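Same chain, two partners: chain A is paired with chain B first, then with chain C.
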Partner chain A sequence: MARTHAETGSPAGAAAFLLVPNGPLRAGIDARAVIAVALVFLASTAVGAATATEGTRSALEVIWTWSPLLLWGFLFNLFISAAAMLIGTAAGVPLGVLQTSDLGPVRWLAWLVTQFFRNSPWLVLLFLCVFLIPYRFTVLGYTVLLPDWSKAILGFALPVMANVSEIVRGAIQSVPTGQWESSASLGFNRRQTLAQIILPQCYKRMLPPWMNLYSLITMSTVNASVVGVSEMITLTNEVLAAEGSRPALLAPLYGFALVCFFLYCYPIARWTQALERRFNVRG
Partner chain B sequence: MEAFADWFRWLYEVTGINLTYFYDPFDRARMLRGLLLTLWMAGVTIALSIVVGLIGAWLQGSRFRWLRLAVDGFISLFRNTPPLVQIYFFYFGLGYMLPRVPDVSSGQLEPLLSNVQWAIVSLSLFAGAFNIEIFRSGIEAVSRSTVEAAESLGFSRWQTYRDVVLPLAIRTCLPALSNNLVNLIKTTNLAYAIAVPELMYAAKQIWADTTNVPEMMITVLVIYVAIATLFAWGMTRLERWLKVPGFGTGA
Partner chain C sequence: MRSVTHALGAPIVLLKHVCKRFGDVEVLKDISLEVAKGETICIIGPSGSGKSTILRCINGLVPVTSGSIKVDGVEVNDPKLDTLALRRKVGIVFQQYNLFPHKTALQNVMMAPVTVLKQDKAEVEARALKLLDKVRLAGKESSYPGELSGGQQQRVAIARSLAMNPLLMLFDEVTAALDPETKKEVLVTIRELAAEGMTCILVTHEMSFAREVADHVYFTDAGVIVEHGAPDEILQHPKEPRTRAFLEQVL
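Up next is the complex of A and B:
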C-alpha cells in the first residue's frame, strides 16, 4: 500500500487524505462496475427503442430532452438527503452520548428513543411526518408555511438520528475504559473527558458507518415520491405522463434514475470501503 | 368479544381515538389481511434473500473470473441504487417486457408475475446482494487451515463448502445477517408503492375511509416495531443456540 502523509496521523494529513483521494483510493472507482451498469441501461433502452412505434421518439431522445428536468430533480434528492443528514446528525450525536450517560433513566430513555426509530420502517416515519405535521403554524401572529419537502426532510432525519445515535454509542464504547480512568485521575470531569478525550478518538471510527448511512439515506429520498414531493421519481412519473404514458419508456426512464443514483452512490461506497480498510489496518 | 368491541366504540365516543379495526369487522379483516401479507412477504423474501446470498457467495469463490465479476457487478448494482426504483424498474419496466400468459381460471391474458411477486423478487435480490457480502465475510473468516484439512480428508469443493465452511461461516456472520434481515422486514413496506395490499396499504385504505390518520399511523408503526423487535430477539436466541464453544467471548 502506498504510504501517504495521512498515515503520519497529523490532523492536517488526515484532512488532506479525506479531500484528496490517493493511496488505496486510486483503485477506488472500478470501471467494470460502471460498464456493467451502462450495459444494463443500454439494453433496456434498446428494448424500448425496438418496441417504439412509428411517429414516436426513441427512449434515448426522450431522456435527452427531459434530462435537465430529471437531473434537477436528482439535485433536489441530494439536497433533501444532505439536509436530513445535517439535522439527523445534530440530533443523533447528543442522543448517542446520552445513551452512555451514567444516569440510569436518561440512558434508558435515550436507548428507547433510539431503538424505536431504528426499528420503524423509513417509509412509515416519512408518512408520519408528512401527514401529521400541519402544513402551517401560527407563531406569535406570524404564519409559517411548511411545504411537503421540509416535512419530508424531518421524516428522513428521524431514522438518521437513531442510526447516528447507535454509531456514536458504539464508537464511545469502543474506546478502552482505561482512557476514562486515566482522564479521571488527571482531574478531568465527565464532560471534559467526553469532549476533549473520548469523542476526538471516535471521529475515525464513526466516519465509515456515517458515510454508509449517508448513502442509504440518499437512496431513500426517492421514497418521498410516494408522498408527492417533486423529486426525481415524481418528475420521472410526470415525464412518463407527458410522453403519453408509453410502456416502452418505463424501463429506460427508471433505468436512468438507477444510473444517476448508482453514479453518485457507488464512488461513496468505494470510498467508505477504502476508509474502513485503512482504519482497520491502523486501528 | 362484544364487550371488547364496545369498549373501543366507547373510547372513540369519549376520547375521539378511533381504532376502527377493533370494532368494525370489515376494517379488522382488511387490517389482518394486510398484516398477514406483510408477514408472508417478509418470510418469503428472507428465505429467498438467504438463498441468493448463499449462491452468490459460493459463485464468488469460483475459478471463473467472469463469474466472479458478474457477482461483483450484481452486488454493486443492487447495493448502490434505491430499492424503490428497483421495484419500479422490475414491476413497470421488466414486467412490461415479459410476455403475458393466459390465466388458469379465466383464460384471460395476465402478466407473468403479479405485483406481490415482483415486489418479492426485487426485494429478495436487493437484500440478497447485501447477504452475499455478509456471507463472504463469514466465509473469509473461516481459517485456511480448516479448509485445507477438509480437502486433505478428501472432501470435494461442494462438500467442503456445505459441511465445513458454511456451518462455521453462518455462525460468524449471524449478527450482520440479523441486522440486514431486520432491515429487509422494514423495507417490505416499499411494496406499498406498487399497490401491494400489505399492512401500510391496508392502513391507508382505512384512514381514507374514516380519517383516523394518526391512530392508523401509530398502529402501523407499533406493529412494525413489534415485528422487527421480535425477529431480532429470535435471531439473538438462534445465535446463542448455535454458539460453538471456544469461539468469541463465550456464552
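Up next is the complex of A and C:
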C-alpha cells in the first residue's frame, strides 16, 4: 500500500514498497528487518545532514521540531485503523455467518457482497466513500456533518468487512461436520449450534488472520492522504512544504513515517506468528 | 430369552420399506426392522452396507427417500416432524466421539439439557455428575476432551446422550477408533446400559460383543438386510452364503 510513495521516487518510499508486498507479515521477517529499517532511516538522515547547507536546519532537527505533530498524525492513523477494524468486524462477522446460511438466496447474497468488496482495490473503495457520501445530512431537522476522516473510516471498513466475512466463513467451515451432527442429535437448533458450539471453536482460528488484516489496514491508512485526511503522510507533506520543500528532507521525513509504522506493525506480525504456531501445535 | 418380547411388545422403533438414495447411489433398499422396548439389537455387515445410514435415518439426521420410520409411535418421515421431540427420545453416540472440545467433560454432559431443554442448572449438574460416575469418569469432570483418552471421551459422549433421558440409544461403531483396552471400558458401559433395560441399536464390528449383548442380530450388505435372527443363529449358523462369507472374513 506504500506504492504511492514509491511513485514519488523517494528512497524511503522505495524501501517502504519493498517492505510491504502482499502478505509481508508472514514468513522470513526477523531481526534483520529491524536492522534494515534502522539503516535506511540513518542513511537517509545522514544524506540529509551531509547535503544541508549553511543557515538551514539538519534533518534530525526538523524531525525533532515537527515530531509532536507527525506523531499526532500517526495516532490518527491508528485511530482510523482501529475504527475501521471495529466497524468492519462488526459487519463482517454476521456477513460471514450468513455465507454459511442454509437458505440459498441468503448465502448467495452474502457471498456476492463479500466477493465484491474483497476484490475491489482498497484505494478505489476509499475514493468512492469519500467522494460519493455527502459531507452533510439533514435528518429530522438535525444537520449531521460528515468530515472526510469519518468517510475514510467507512472506506477502510468495507474491505475489512469483506475480509472478516471470509475469515469467519473459512473458520466455520473448518469445524468438523461431526460437531454439527452431534449438536443436531442433542436437539440444538441451528442458532444454538452456531452460538454455543461452532463459533466458540472459531475464535482461535480467526485471531491470527484477523490480526494480519489489522496490520494491513493500519499500513494502508496512509492512503487517506490521497483524499486529504490529516493523517501522518498528509502532515509529512505539509511539513516538507513548510520547510521549503528541500529534497534533502524527503528521505528522512518519509523514513520517519516508515519507522513509526514498522515499529508498530512488526511486533503485531511477530505476535501473530507466535499465535499461529501455538494454535497449530494444539490443533 | 428377551427375544420373546420381540414378538410381543409394542415396537419402539419400526422401519418399513425404508429406501435412501444419495443422488444415484441407492444406500438403503427396502429396509424393514423392528425393535421392542428394552431390546438390544446389533447391525453387522461390511463397510458401506448402509449400517450407519440406518441409524442416522432413525434420529432424523438423514431424511429417507421413501418408506416409514416410527419411533415411539411418531412418524420420522414427516415434514411436520417435531425434530426436537424426536432428538430428546433418541440418543446417538458416534465413532469419532464428537465431544465439544471447548467444554469440559461436565459441561459437555450438561449443555444440551440446559440449553435445549432449559432445565434447572443445579439439577442438571447433579444428574451429570451421577452420569459421569456411572460411566466411571468420576474425577474427570473438569477435564477437556483433549486431555482424555479415546475410551474416556467415548464414555463422556455416552453420558452426554444419557443426560437427555432418551428412550433409545444408537451406537455407531463406537469402538472402531479405539485400542483393545479402552474398547473394553466402553463395551462394559454399553453392556450395563443394555442390562438396565435401555433400548439399544448398535452398529458394530465386535462380533463376540454382539453375540453377548444382542437379543437380535441383523446382517446387512449392499443396502439390504440379508438375514436376521437370534445372535447364535446368525453368527454361528448363518444360512445365507453372503453372511457366511462375511463372518469368515472377520472372525
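One rule holds for everything that comes next: the second predicted complex is superposed on the first by the 250 of 283 C-alpha atoms of A that agree within 3 Å, B and C clash if a C-alpha of one lies under 4 Å from a C-alpha of the other, contacts with A are read in each partner's own complex, and residues count from 1 in each chain.
What we mean here is this: a residue touches a chain if its C-beta (ideal position, glycine included) is under 8 Å from a C-beta of that chain, and two chains touch if they have at least 3 such contacts.
Everything quoted here is computed from the prediction, not taken from an experiment.
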item	value
Clash-or-fit label for the pair chain B, chain C on chain A	fit
Touched partner set for A:200, first chain B, second chain C, both or neither	second
Contact breadth on chain A, by residue count: chain C or chain B	B
Chain B versus chain C as contact partner of A:109, first or second or both or neither	neither
Chain B versus chain C as contact partner of A:211, first or second or both or neither	neither
Partner chain(s) touched by A:78 [first = chain B, second = chain C, both, neither]	neither
Contacts of A:187 with chain B and chain C, given as first, second, both or neither	second
Which superposed partner A:251 touches (first chain B, second chain C, both, neither)	first
First, second, both or neither for A:179, with chain B first and chain C second	second
Which of chain B and chain C A:261 touches, first, second, both or neither	first
Smallest separation in angstrom, by C-alpha atoms, between chain B and chain C in the superposition	20
Chain A-facing residues of chain B, complex	69, 72-73, 76-77, 79-86, 88-89, 92-94, 96-97, 182, 186-187, 189-190, 192-193, 200, 213-214, 217, 220-221, 224-225, 228-229, 232
Partner chain A, residues of chain C touching it in the complex	59, 61, 83-84, 87-88, 90-92, 94, 96, 98-102, 111-112, 115-117, 146, 157, 160-161, 164
Touch list for chain A against partner chain B, complex	30, 32-33, 36-37, 40, 44, 47, 115-116, 119-125, 127-128, 131-132, 215, 219-223, 225-226, 233, 247-248, 250-252, 254-255, 257-258, 261-262, 265-266, 269
Chain C partner contacts - residues on chain A that touch it in the complex	176, 178-179, 181-182, 184-189, 192, 196-197, 200-201, 282-283
